[in-house]
Amino acid sequence: GQGGANETDSSEEKASGEKSSEDYEIVVVPKDSSNPWFVRMETGVNEYAEETGLNAYQKGTDEIDATKQAQLVQDLIAQGVDAICVVPVDPESIEPVLKQAREAGIVVIAHEGASLENVDYDIEAFSNQGYGAFIMDNLAEAMGEEGVYTTMVANVTNASHNEWADAGVEHQKEKYPNLTLLEAEPRVESNDNGDTAYNVAKELLKKYPDLKGIMGTSSYDAPGVARAIQELGLTGKVFTTGTGMPADNAELLKDGVIKSLTLWDPAQAGKAMISLAVSVLDGETVEAPLDLEVEGYTNLQFREGSKTVLEGEGQIIIDADNVDSFGF
Amino acid sequence: MKKTSFLKDKHVKRLVIIMVLWAVFMAITRFSKFYTVINFQTMFAQFPEFGLMSLGVMVCMITSGIDLSVVGVANTTAIASALLMRSIGGDTGTMAVFWIPILFLFAILIGTVAGALNGFLITTFDIPPILVTLGMGELFTGIGIVLTNGAAISDFPKDYAYVVNSRFAGIPVQFIIFALVAIVLAIILTKTTYGKKIMMIGTSQKAARFSGLKVNYLLIKTYIISGICAALGGMIMLANYNSARADYGTNYTLQSILIVVLGGVSPAGGRGKISGVILATILVRVLETGINRFPQISSYYISLIWGAVLLFVMVLDYFSENNIKLLKRK
Amino acid sequence: MEDYVLRAVEIEKHFSGVRALDKVTLEIKRGEIHCLAGENGCGKSTLIKVISGVYQKDGGIVEYDGESVEKLTPIDAIKRGIQVIYQDFSIFPNLTVMENLAINSELVENRKFVNWKHVREIAQQAIAKIGFKVDLDAQLGNLSVADKQMVAICRALMFNAKLIIMDEPTTALTKREVKALFKVIMELKAQGIAILFVSHKLDEVFEIADRFTIFRSGKLIATGNTEDLDDKKFSFYMTGREFDNAVFKPTNVTKDNIIQVKNLSLDGFYKNINFAVKGGEIIGITGLLDSGRTELALSLFGLKPSTSGEILIEGKETVIDSPQAAINSGIGFVPEDRLSEGLFLERSIGDNIVISEIDKLTKKGFVDKEKYEREIQRWVSELTIATPNADNAASTLSGGNQQRIVLAKWLACEPKVLILNGPTVGVDIGSKHDIHSILQKLANAGMAVIIISDDLPEVMQNCSKVVVLRDGQVAGELDTNDIQERQIIDIMM
Amino acid sequence: MNKRIKKILQQNEVYILIIIFALSLLIQFRSGQFYTPNNIVDILSAMVVPGMFAVGAFLVLLSGGIDVSFPALASLSAYAITKSLLDAEYSGNILVPILLAIVIGIILGSINGFFVGYLKLPALIVTLGTSSVFKGFMQGTLKSKQLAVIPSGMKKFGTSALATAENAKSGLTSVLPVAFLVLILVLIITFFVLRYTMFGRGIYAIGGNESAAYNAGFKVKRTKFLLYVFAGVIASVAGVIRVCMMQQAHPTNMLGMEMNIIAGVVLGGTSMVGGKGTLTGCMLGTLLIVLVENSLILIGVPVVWKKVFVGLLIVIGTAMSAYQVKRADKQRVKLTVDKEVA
């Protein structure tokens, strides 16, 4: 019956060099996997595979490490997968590997990798600039648009965090004249570690009593800083924002230690990447406005001047009121 | 002759057996996805970078020392070379091929300086190598960050990466470099007096001094060798990722130690075969690549398997050495 | 039926092939002083370790007070009243004297907790027993070798032991301390405690032992009462050879000094040392421990460079600030502590022999395998090092043979001056005799030999003159032909 | 010169103390914030977890071994406990988590203990191996991920204040968590064990001369085994405490601490070959490391210079103390000799 038919025609298609989408092997490579962010992404990936019956799965390295990620991708190339959807730890080091991938005829879709050249397409929930500005808007609002602030990143060696932070600072200079960047410590590190974020924040607030805001980027920043604010008894006097997952930060938001956090839903991003990969594999032409039939990615536009970077409108603000409404 | 002496070593033999077992397992389960030319070319382009670092750690461990600064040295070297290339060819420009050997000489120079520093501190102040190299590792990484503000450098002539990433008669150039270094090192360790001497120092530094060996000089030399290996490892990373950054390969520090002990080098010093370390290097890579062939197996199991293999091999060693006694105890 | 504290009958022990003990029997009567003698490596220490439960025997019977015991741990042995003073003392350099003294009894009483008052009391009793003066709170590692050994002895004495085993207790002791020790031993005997006494020194054996047992290469050769024994018999039992202990007469002494030392000083250790050695001469340097003799030796070999004064080699002033400098100017040095300073125990005998001359055994910068092996074979045969295979680890050899390796290492460097610090410490008469004749041969071949030793018979027998050090200064330089040991001792003390 | 003073000057603790003091002055000078009550409290609470880790590492080094597995051990145990208590919707107090930590510590520690003690395998190799096994088990088998919410009891314990220091000027308050008492407790127990139990003396004895210890009648194997179990328990508890204090369980961010901790312990004068070292030194060394890691901003080290600074400090610090000890040893030898000569 059915199965048999399928088999025969799929084999015919193979013969004619054509693959039906069920045969595509599509791998999503996140930065790492213990970060709830990418755990969430994996749920999205798996849901999508379920719904569509695609052979799509997520495979990450055991530590967040640029070289490991590059080697994993190389392994996937050697293995001959059909498409690789990657969230690069570090665009520069993945670049030559992606080049190999494309030379091997593999479709490459990236996320959070706007600067990448060797990709078919890069999907951004929004532009890094946009997101940086977006975080800054939240911070400014919390701070009442005046006061001294500084920026926190996982590491000064982290690509996208630093882009967001830079963009945030840019945005502040244009839009919030009464906010001033703490010149002595314009950027500090949290090492993607809530405890470091906590200690660093304490030090900052000790040394710079007039510091009023800390712009976080990594999802570990805001919670860590918030702990410091709470302990030092500065709730309501010092503010922080950053990226964060609803479930993880519900309490902090409700306690008012953090006014609001920003994010986009990694699950949707994952789905979007796969969806795009499929249409590229199917040889469909990709042109804006692009609808990937994934929430937040139904009206993708090319970033001006770019033929690869597609921007959606996936950013979300969470605050005490809506935090419980997301279901993740 | 070579082969017999190679397989005489119990430990090495065991590594070979494990590797064969794994090879067979992969053949049964994932033949078509594992036994492909491209796959082996990939693996043999991947392991040289940490393979070289492991070789460096090995010589230090033979003298009963250790080198935790390899990754720091590697990255700083890569960064410095990248900056040099930029100043030669400009951000996007090109660079004549004859610069490449010069670049490697430059890297070797950096490695030498770094190693000499380590060796100097260890010998003149009697600081435990583990501390000196830990501190120096931080220091070198720090210098790398200062040089780059932590960002990656990728805007330099692509010619270098192009050459080192290419294949020679199907063999990845990275591997050829690794092989050359390994051969030279093997000769140094087995055929020269230096090799004999550091083995003796590893056995007893006191006796070495009383035998009139220039212990300090030999130790400094050893850490210089390690520094050079690390620097070359950095040059390969520079090619593989066509960019340099202070935090690439941070997990290589522990990994290289793991490889070295897995390769049968005694942390107490005085014992160690380069063949063992090379085998261990390849084994580690083959295991990881193999695991990556199983979508359903999380890569988290890789470290579990490494650890298990390491302990397994050690326990085998133990029983093979103590079997007589054990029989008696029964 | 005699009353034995200990009977070890037909004991066997193998070490990975090596048959260390081959059905040896040792019987010790209550309250006797029993001497166990034999060449290096004949199995004395091994038997002791079997008796005291450190090693498990491979065959035979061990009876304590007539009660046979199968598996035994050190603690059991101690509980049964067996106390051992091991050859290597087996003490804790990182702990205080007090603790070293008390630790055993703490363990025997099976205490789980430490009562420091109690510990101090025990320690005080221990040293009181033989009136040994030492700072109980000092770290043992900082004590002199002799003091370390005294601590080990005191530790053993503390228990109401039935049998105290002393494995070469006098090796590191000077005459004075040996006297003290013997007094103690006699007292113990009076208290009915049996002593098993391992020694290579004939005079000692005759002085105190009631009965003796002699092994040779893991086999029992003879046992009986000391009265029925004399030097010749004794050394024959041990070695199966006869030898004459003729005094050495230098035959070709050069006119000029090969090495001369002028006003040599090292702050805090020795001052204004002067002496000279001609080629073909063997001179002795003697003195109590810490008389500066060891430091002097170290200075001459560049390990503790002197702070003032000069060293002339063949008349030329030579700066010796490192072992390399010493070697290059033709000085070889056989150190005091064979095991830690002289040898790489885990390395092969061959590597140990050639390590110091290895740079000469090369061809175009690479080790020349042929030369290498040839050199090793040459020295193994020349110094008759008893080993089936030069690839075995040096640790598998016993004292005498190990000392030969160290000698070989230096002879291989063809030195003009050979300095030996305690060349025959813990070496049996057989090997001792051989080593002496080697040194004499070297001298006759024109080498200047300096023996640093407090084994006066050795000095008298080999050296034409002896420099006596006291408190870091030359207390006298004497011609051995016209003095007696007695006089030297007087000057030493 | 007074013998007592000489003796004191031979101790490496003194030099660490000097370095720490110098550093504190630097911080004070740069930020005016070191000698403020809240800052002191901050440093103390930052000491809790590293301090406990250091004690474990210290004990193992004393015995002549080395343990690089404690961060992995702590992470595994802490994660397993937090996760299972969450799943069980446990709402009780801290006792159960601590008890669980002790049990798991015993189990994991005895793995190290078995290999190092009874099989006499090199400690570095064993702990490297177990370290990656623990990690792999946690991440692979337990599928660990960050837990942003922890059981109420643990959270309460982590946040409850033992003391609260307020900085009069800036009005900042810092809380000394009750967890600090756990560190104190561990220190007291360890001190007691080392000083007043044969087990403790056995650790020193084995570190000083293993076969002598064996000859003297110490149960070498058992002692080593128990030692690693003890170290395992300390690490495991430390892991849980850290989770409580951070109010979230992050599976991997303890990994990689081992080297800095060991560096601190050795800085404090503990010999890498065993037998020598004091608890005081161990704590001072750790304090120095913690101080550096948590004062870079106060000192005003630009973030990109951070690692350079830390690296230099480790190197210079160790060089200084190593050099002083070397000199002291020389003097000691002289002393004894002078005594004899005089």
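Going in written order, the chains are labelled A, B, C and D, and every chain counts its residues from 1.
Following the convention adopted for this analysis, a residue touches a chain if its C-beta (ideal position, glycine included) is under 8 Å from a C-beta of that chain, and two chains touch if they have at least 3 such contacts.
From a predicted model like this one, the values you see are computed outputs, not experimental measurements.
Set against the Cα centre of subunit B, the chain with the most distant centre is C.
When the interfaces A-D and B-D are ranked by how many C-beta pairs touch across them, B-D comes first.
Taking the mean of the C-alpha atoms as each chain's centre, subunit A and subunit D sit 36 Å apart. In terms of their C-alpha centroids, the spacing between subunit B and subunit D amounts to 30 Å. Centre-to-centre separation of subunit A and subunit B, using mean CA positions: 34 Å. Put simply, the C-alpha centre of subunit A and that of subunit C have 73 angstrom between them.
Among the residues of subunit D, those touching two or more other chains are numbered 135-136, 139, 304, 306.
The multi-chain contact residues of subunit A, meaning those touching 2 or more other chains, are 33, 62-63, 156.
Subunit B has residues 145, 149-150, 298, 300, 302-303 in contact with two or more other chains.
Applying the touch definition to all chain combinations yields A-B, A-D, B-C, B-D, C-D. Across the complex, subunit A meets subunit D through its residues 33-36, 39, 62-63, 156, 184-185, 187-189, 191-195, 198-200, 202-207, 209, 220, 223, 227, 231-234, 245, 247-249, 251. Touching subunit B in their complex are the following residues of subunit D: 68, 115, 119-122, 124-126, 128-137, 139-141, 143, 259-260, 262-263, 266-267, 272, 304-315, 318-319, 322-323, 326.
Interface residues of subunit A, counted against subunit B in their complex, comprise 27, 33, 57, 59-63, 65-68, 70-72, 74-80, 90-97, 104, 155-157, 159, 162. Chain contact summary for the complex, subunit C toward subunit D: residues 52, 54, 73-75, 78, 84, 86, 88-95, 99, 103-104, 106-108, 111-115, 142, 144, 267-269, 290, 292, 471-472.
Here subunit B touches subunit C in the complex through residues 187, 191-193, 196-197, 199-200, 203-204, 206-214, 270, 324, 328, going by the rule given at the top.
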